[in-house]
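Paired with subunit B in one complex and with subunit C in the other, subunit A is shared by the two complexes that follow.
== the complex of A and B ==
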């Protein structure tokens, strides 16, 4: 084996790039969050102001409403994806011809750019040109207007996210289901367990690590959804779909209040970490301990 | 009974596939319709093709520039992260570096953070600190290539590591015994064996960079704008050119579909940080 010096030398470019574009921005945004800085204000200097930015944040109606809709969006999207993904994965376990083709088609949305997904759903749901409002009106007399109804816009963003990301859950769970050993299921059937009992007492505990891993990944991604929503609704109507990322992009970034903007960014990062940590501590860690 | 359930499964999966495919089909339909037809009754099937939107996009100098930028940025970034990732993985698997497992895990944390959080610090750093004289990284292709490293480099490292772990270290040792230099071992012994993994990494990182929007939208304003940012420029409050918007979307989608057809099996593994083998 050659000297370790060469090893560090090979690793160095990676560490340097990630340091300047990962670590430095992170430290910089944390530092700025404790300062007051607006380069276009009367006083453009950077002044340390302690936790003032964070104090303001707690009373910022726009931020709080953004936080609320983000959590609601994440909850509805991820829950639907996991349930739907499980049903689809189970449906895939049966024998039928053309499995490979159906699986390929199902994987397709995963490679698509979020902004393209947003643009597609915009074309389908915009009143006057969209095919969905057209047929909803013709068949059910329902007027779908994502430009005016907050509920409609919110629902369409959830449906869009479900369309885009359910396949990831399905494919993850198919991989988990395929790798299950058949013995416990055969034993349960011999013992006369019904389908529901088998699901709750055998299938679910056995694939729960896979489900939790998927929830973890989906949660992280759903919390940072920006591109597709920006394209579809632009955060509107009002602030109905102004999720945290959209809020930063449209409200925080254009204003030149950099100190306050940094505080918002830091809180969003912190919340993402906390949510994932809670999930880990609450669900994954105790299970590992038991095992 | 058995036959019936087969039919049921087939019908079910055909329905699922239609739901998956319809939005993509509809995008194409809109892109080949003249603007006046958009507001009439939407027909599910096409009666004629109208290619003007495609000609408009291809002859638009600004959009051609955006396409060119997208191509350079994603190719440059994919090459850079795959090269750096390959070397890093070689170091991680071949050398006994202190804390290398922590470093390995730390790389992925760079990808986990929401990109929106980094908009402000990256913008400020690139305008004021990351510059040489008058040359700042803001609104340059090289700037975007470097910024995308935070997203793609961890990915490259995590997908390449199993590949390099799978190449027996005895091969390197044998080559060293024969008096080969480190560079020769890396380029002529290890690299050829890692080629399939490298190809997959190259293609997936390419697509991720090609698809990125948020950072490109904030860190460029004229010179280095990419196709995805061009797309959002066609959505304005005064009126959207739907046909052109659909056509740009199709153009953005095509390379992704090509890559998809080549490395379909690896996409799920890639998106779950390697937790699931697709």
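== the complex of A and C ==
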């Protein structure tokens, strides 16, 4: 009983901070989502408009286009990160010369602020000064211009996100792989299982909670990506990389469309929960049922 | 203490000493008055927020320390990105929290702030508190740029601290090169001179792009601020291209219920607007490849790198392009001219019925929500003292007082800048700030996706401008400015 009280006492400061800086702003955003508010309208007051903002969303081409490219971005970025992260994690499980240095370099992008990552990639991809267009042109005769080509811009944003966040996946999966007990692997080898069988029937099921946790984290981040993309492409060319985070930024900050922007934010949160739930239902629930 | 820590501390000390020395170098007349005036505000700290630009940095590094030294009033100015500055200032003024005592007001957002009564009427405040009226400060000292910060009653709501015009820069070394001049004459049958019309400009741009392509050199005929996902491209079109074709105020007609479509009395989708955009896109197509990712900053960088023979460049960049060898490869080779116009437009502008380009700049205003109005009023007047202006103009190419043009050192800089200051003084009246609308960002963001789509070629010019005009009217109706 005593330790229970002490626990709450020690948690109290964190809970208070969370309440005021997490729960209250969230409730405010939800409340605003049901209002019309633009401080630079003729009537700058906050006006209740029911579910009008949500109704508008359904017919808003800019939002729907943004949703489409965001889902595509999330799919390609997260899938690549998980596959590449696993391959690198397996590589780091083995010994090879320069492993420590390579692992350190590989982890460096993680400590960089997204805005810096965006700036670096902008420098690397700007025609005439960027190293990437330079070598693509020199080696393959390919003229990379992310200010002109929608596909090129989309691809580069995916690659940038993969470059930035794959180390997180790698580190998480290394931790998962290191913690695996050796017995099942030894038994499988004695039974004559090949590497592919070991991967599908032992490694993958045993590290799937770690993979799923990583996927959830990356999924949530990818769905609300803003800074890197805003710095690299500004959402362009056209609306090719105007992901939901960028769309919300433009609605809320320059356009000061606080009510509608809040509604989009709420929908993005809902979408994130639904996607995570679908993943959980699709991957975890059947396994639990079988068990 | 490690060596690096010692070195860092020494560098910091030297920097502070240098900064202090710089601030002390400036002599302020009536120093006693400032000391007495400041004594009433013992312990007061003025807090401000501004965009991180050379003129603002001069305020934080030199003017604020000088003000503190004389008055004893502490000044803390945050210099940050434009977006952050705008967001912080608006939220503070909207909520009335009183965090900031001075805020930076860019010329195009002053109308939004005035419409919401966010700012203190400085003229009235000084009339009510005549004991705060500083010797040496007078609204009559300002250039006409100050008029953009006046309310409907003619009173001043912000003290101008920077002013620039967006000008036509050209490479004098290329324009004066005998071989190039001969080639140009042979191809076009006329002398190579800075363009006065769009036709001439296009001819020169096409000539240079082709000429240097044949030579295998990376020099193009023009710059283009044509980012396909950044508002900079929208601003180049509405502020620098449209007016030179005779379409003003973004093609929105305030007298016709803020109409944007031709159908309702606007010009956003007029034939002239379509011609202007088509012309600009044709220039974009022969500009350096980075143009589709260029904002105002990158355009200046492109010109400074010597990659363009001519272009429209914001004046705030003209000084470093023309004089800073650490940043520019075209030092000493920069000429300044008025932007080219369509036939008949210059006569219209000279008659006072239009403008040739953008008169950019900003001011410091005092939020109504500030808790230190009086101390902030002192600081605002301090910013406009003639004693400070020469050093300020040399540090950042801005002039807001007419007397600054008379300074010998400023005139010397003017020569180095190819006559940029002279043009601002003599032809400044041909330029104009952003239209007096309180809904700039709102309309811009509403039409921007369509505009970017035109830039990428996904939407045609005619169709796109029609959609933009309709979208603008729809947004203005939603905001309540348009009634029909």
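Miscellaneous remarks
The working rule: the second predicted complex is superposed on the first by the 253 of 291 C-alpha atoms of A that agree within 3 Å, B and C clash if a C-alpha of one lies under 4 Å from a C-alpha of the other, contacts with A are read in each partner's own complex, and residues count from 1 in each chain.
One rule holds in what follows: a residue touches a chain if its C-beta (ideal position, glycine included) is under 8 Å from a C-beta of that chain, and two chains touch if they have at least 3 such contacts.
Here the structure is a predicted model, which means the values were calculated and not measured.
For the composite obtained by superposing both complexes on subunit A, the positions of subunit B and subunit C are in clash. When both complexes are overlaid on chain A, the residue A:91 reaches subunit B alone and has no touch with subunit C.
In the superposition on chain A, A:253 makes contact with both subunit B and subunit C.
In the superposition on chain A, contact of A:41 is made with subunit C only, not with subunit B. A simple residue count on subunit A separates subunit B from subunit C, and the partner touching more is B. Once the two complexes are laid over each other on the shared chain, residue contacts for A:194 go to neither subunit B nor subunit C. Of the two partner chains placed by the overlay, only subunit C lies in contact with A:147; subunit B stays clear of it.
By the document's definition of touching, both partners, subunit B and subunit C, reach A:128. In the overlay built on the shared chain, the residue A:239 is in contact with subunit C alone; subunit B does not reach it. Only one of the stretches 43-51, 97-105 or 133-141 in subunit B has C-alpha atoms clashing with subunit C after the fit on chain A, and that stretch is 133-141. Subunit A residues in contact with subunit B (one complex) as well as with subunit C (other complex) are 122, 128-129, 234, 253. In the complex of the two chains, the subunit C residues touching subunit A come out as 83, 86-87, 90, 94, 112, 115-116, 218, 227-231, 288-293, 298, 307, 438-439, 441-442, 444-446, 448-449, 452-453, 455-456, 458, 478-481. Here subunit A touches subunit B in the complex through residues 1-2, 4, 6-11, 13-15, 17-18, 20-22, 24-26, 28-29, 32, 88, 91-92, 94-98, 102, 104-116, 119-124, 128-129, 131, 134, 163, 167-168, 171-172, 175-176, 210, 213-214, 217, 220, 223-224, 226-227, 230-231, 234, 244-245, 248-249, 252-253, 258, 261-262, 265-266, 268-269, 272, 276, going by the rule given at the top. Looking at the complex, you find that subunit A touches subunit C at residues 38-44, 62, 122, 126-129, 143, 145-148, 150, 233-242, 250-251, 253-257.
Residue ranges of subunit B in contact with subunit A, taken from their complex: 5-6, 9-10, 12-13, 16-17, 19-21, 23-24, 26-27, 30, 38-39, 41-42, 84-85, 87-88, 90-92, 94-97, 103, 107, 110, 112-125, 130, 146-147, 149-150, 153-154, 157, 173, 176, 182, 207, 210-214, 217-218, 228, 231-232, 235, 242, 245-246, 249, 252-253, 256-257, 259-260, 264, 267-268, 271-273, 275-278.
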